[in-house]
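Okay, so chain A shows up in both of these, paired with chain B first and chain C after.
This part shows the complex of A and B:
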């Protein structure tokens, strides 16, 4: 168990910078997720931590100890890969045992025939067998130990890969999109199983995914990455309710955030005819982008709150809630989604307020205002910025 | 989310339609033409071989007089094969062939597998340059280096040894290229996992890549064994004594010394020395085809 520090790490491949002075502190025992679209550098960070790719600049410390000069196996980290990366011709048992065999047997003892001459080999192998068995029981794969990876289903391979990582009791667990090759149902199941595993092991997890749902549901903290930088680091709730950047607001949440063009006025922000009384740190008349989460738009009568007029084009009834798709009148005709609880939808329909257009009430306190570059301006609780924002270096 | 679709089993009707489709006249003609071409090709390739087998059981006087009658009038095989085996040290030639081919193959694999791994999976600055050199090596015919090699061996007093027959072939550029292409397709993630688990680079090669590359290794082995078993040129250059003669060279010595124009016995000898190759290929056939088509690992 150990904390992990990544200190202004940069890395480029053939002239294109993949990591630009990334800094990140992962606390001991924390489940931290790196999320971002493909090519944002999140997998590269994992490989730098593991020592599989040397960084061009910066340092990595595990448990306060610099590891930059150490080879991958000496860093005591374990990694689960997207393709599981099981050794194809070895049995499940050998796959799981390999890290221990490599750790505990000397080079000569690992040789095919000569190795058997060593008196301590049999004892070590018996110990390893016991530990492999224990891990297999924990993951419920005891009955698969004799099989080859090709004879396993995706979920089973996933467990074997986890077992191979667990057996060596690493300080840090690195996971590179471990669930993306599973079918949807199994993925949901493995999410809870992984968080469960994290709780039981109490080890530091660094988890990479492009799926914001995984990031939101599993992590203690999430770091959203884009173009080789960490855009925001915070709890899942921070990223959802208090995004510091338009990219964060857009990436997190499903259905995605509504973004409408607005203008800064003396009293706040004007968007689609609605006046949002928000203190905005921008010059009057400046163009801004206003982010409104679909569930913050209310179908109930406005009761004095600012309103938007929306032309409806489609409704999706999901049972417990309803998604209404439309376009915002007067706000650049931007597409907009309203997420309403079923009872609110029923009330509005009964009151005849859904006749092709609908008037929705906006909660100014839950609106995000971004400047033209996508940076958050306006109401933003300063104490929420728990991020150690990296100094951008060009 | 979606339930797995049931296995698509063709119905009886669909199967019948499929058979009907195969029976359409244009299909039949097309199939016939294709098979005729294949049969003609096979005959063309196999005929000398068949003729060798037939000649090896003919009487000496029948070899030339029989015209193209494929069936021998009388079976003279025992005499011919007996003559071939008794009058010449055929078994010794074949033993030499085994020693030479095995020696060459072992060293080729020992050199080519690590080299191919480095060229395919390790990062170092001069890798592209080295790979270009390997490709250039493919273009150098063996005759070009024959004279310097001969002189070198002569000055070291190594002529007429097994080593002299084997040494030019120890470094197989073709093997390096073949294995490099195969290793390229091997998933990097598995190699990364192995490095994290504490494998040394050599262990990654031996424990992980080589078992996956067995089809490619089998394919290359067939190429290597065939070409060096059948090679006449280089053994003829560096070997003078029958003690080290490989099968084709032995056949040549055998023809000169003993049999003169006893073609029946000569063909019997040829049949005997070809047999191991045919048997090897039949055993390794499946691996060989798999290795050449290089489906890679899943």
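This part shows the complex of A and C:
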């Protein structure tokens, strides 16, 4: 168990900078997720932490101890690969036992026949068997120990890979998109299993995914990456309700945030005819981008709040809630999605407010204003305690 | 009655359907054979018929150009049992195979691993090692004959200049097979290397990363725990094809040694060639061919069977 510090780490491959001075402190026992689109450098960070890829600059410390000069096996980290990387010619048992065999037997003792001459070997192997068995029981794979990886389902392989990582009791668990090869249903199930495992082991987890739902549901904190930089680090609620960058607002949340063009006025921001009374740190007349989460647009009568007029094009009824798709009149004709609870939708329909167009009320306190470069201006943090976290949809 | 009649009325319908299905499946089967016919005809005329002819000829005393011939049953095989040339050829062939197969497989594996680690020069090395494969062995035999010639060859000159006695590889009964085997290895390494390189490229990099993290980062451990097991299927293929190729050694013997000295480089194919095309004893040559075929097939099948079980995952 240990904290992990990544200190201004940079890495390029043949002239293209993949990591640009990345700094990140992972607390002891924390579940931290690196999330970002494909190719943003997530795997590279993991590989640098593990020691598989030397960084060009910067330092990595595990438990306060610099590990840059250490080989992967000396860093006491475990890694679960996207492909699982199980040894296909070895049984499940041998796969899981591999790190222990390498740790505890000397080179001569590992040799096929000569190794048996060592008096120590039998005792060590018995110990290893016991530990492998214990890990297999925890993961409910004890009946699979004799099989080869090819004879296992995707979910079972996943568990074997976890077992191989757990058996050495690492300081840090590194996971590179471990769920991306599973079918949707198993993926949802394994999310809870992994968070359970994290709670039981109490070990520091660094988890990489491109799936914002995994990031939001599993993590203590999330670091959103883009083009080799960490754009924002915070709790899932921080990233959802208080994105500091348009890229964060867009990446987190499903359906995605609505982005409308706006203009800074004396009183705040004007967007699609609506005046949002927001303190904005930008010059009057400047063009801005206003982010509105789909659930912050209300179908109920505006009651004095600013409104947007929307031409509806499609309605998706998901049972408990309804997604309304349309375009915002006067706001550059931007596409827009409204996420309404079913009762609000029914009320609006009964009142005849859904006749091809709809007027929605905007909550200025929950609008995000970004400048032309996508940086947040006019920050208005909302109390996370007040706003209920919506459950992200798949 | 109606209760009983009810189930009996629809009965003919399934029966008719069954008949129709049977007819249809027979039609389909016939069409299937029709489609397979061209391939079957080709296989029979190109592969099976010649083999059958050889097997039949082996039971005759047919001489090339002769008008009369007779069935002599196992006569050719009986003759073979008492033929010292046959036994010598068989033994020499096995010795040759026993040197060439391990030699070219191990050498090719080492070269492939070394070449695989090169980034920029990889293609260059690949081409260099592959060159012997692209040459004709007859022409190269002439070159080797010259290179190793005890009077005028550069190797002999080098040895002489060092004050050492010149070696007459192809004139020395104890060296001749080793000399031929060296040429065989030289010719096969490039091809086997390419096969091993393909096998090496197919090993996922993740496995080496996992091995690094698990502590198997010593070159020996990486080789024993990842590379070698992952190359298993490739190795089986390489060993089997190399064995078959080595068994067919002929060109170098025919061009360089003609079976000499003292018959110490007589091999099966060369004996077959002599019997068939020098002494025109087609029946006996056919019998030798049958023995050759059976041996090669048996060996290849055995290897494939035993090794394949070991490398299966």
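Observations on the model:
Operating definition for what follows: the second predicted complex is superposed on the first by the 379 of 394 C-alpha atoms of A that agree within 3 Å, B and C clash if a C-alpha of one lies under 4 Å from a C-alpha of the other, contacts with A are read in each partner's own complex, and residues count from 1 in each chain.
Convention: a residue touches a chain if its C-beta (ideal position, glycine included) is under 8 Å from a C-beta of that chain, and two chains touch if they have at least 3 such contacts.
All of these numbers come straight from a predicted model, not from anything done at the bench.
After alignment on the shared chain A, the placement of chain B and chain C results in a clash. In the superposed model, A:164 lies in contact with both chain B and chain C.
By the touch criterion stated above, A:308 is placed in contact with neither chain B nor chain C.
When both complexes are overlaid on chain A, the residue A:87 reaches chain B and chain C alike. Touch criterion met: A:185 reaches chain B, while chain C stays clear of it. Looking at the shared chain after the overlay, A:107 reaches both chain B and chain C.
In the superposition on chain A, A:148 makes contact with chain C only, not with chain B. Overlap of the chain B and chain C interfaces on chain A: residues 47, 50, 52, 71-73, 77-79, 81-83, 85-89, 98-99, 102-103, 107, 110, 150, 164.
On chain B, the positions that touch chain A within their shared complex are 1, 187, 189-190, 192-200, 203, 207-208, 211-212, 297-298.
Every residue of chain C that touches chain A in the complex is listed here, in rising order: 204, 206-207, 209-210, 212-218, 220-221, 225-226, 229-230, 232, 311, 313.
If you check the complex, the residues on chain A that touch chain C are 47, 50-52, 71-73, 77-79, 81-83, 85-90, 98-99, 102-103, 107, 110, 148-150, 164. If you check the complex, the residues on chain A that touch chain B are 47, 50, 52, 71-73, 77-79, 81-83, 85-89, 98-99, 102-103, 107, 110, 150, 164, 168, 183-185.
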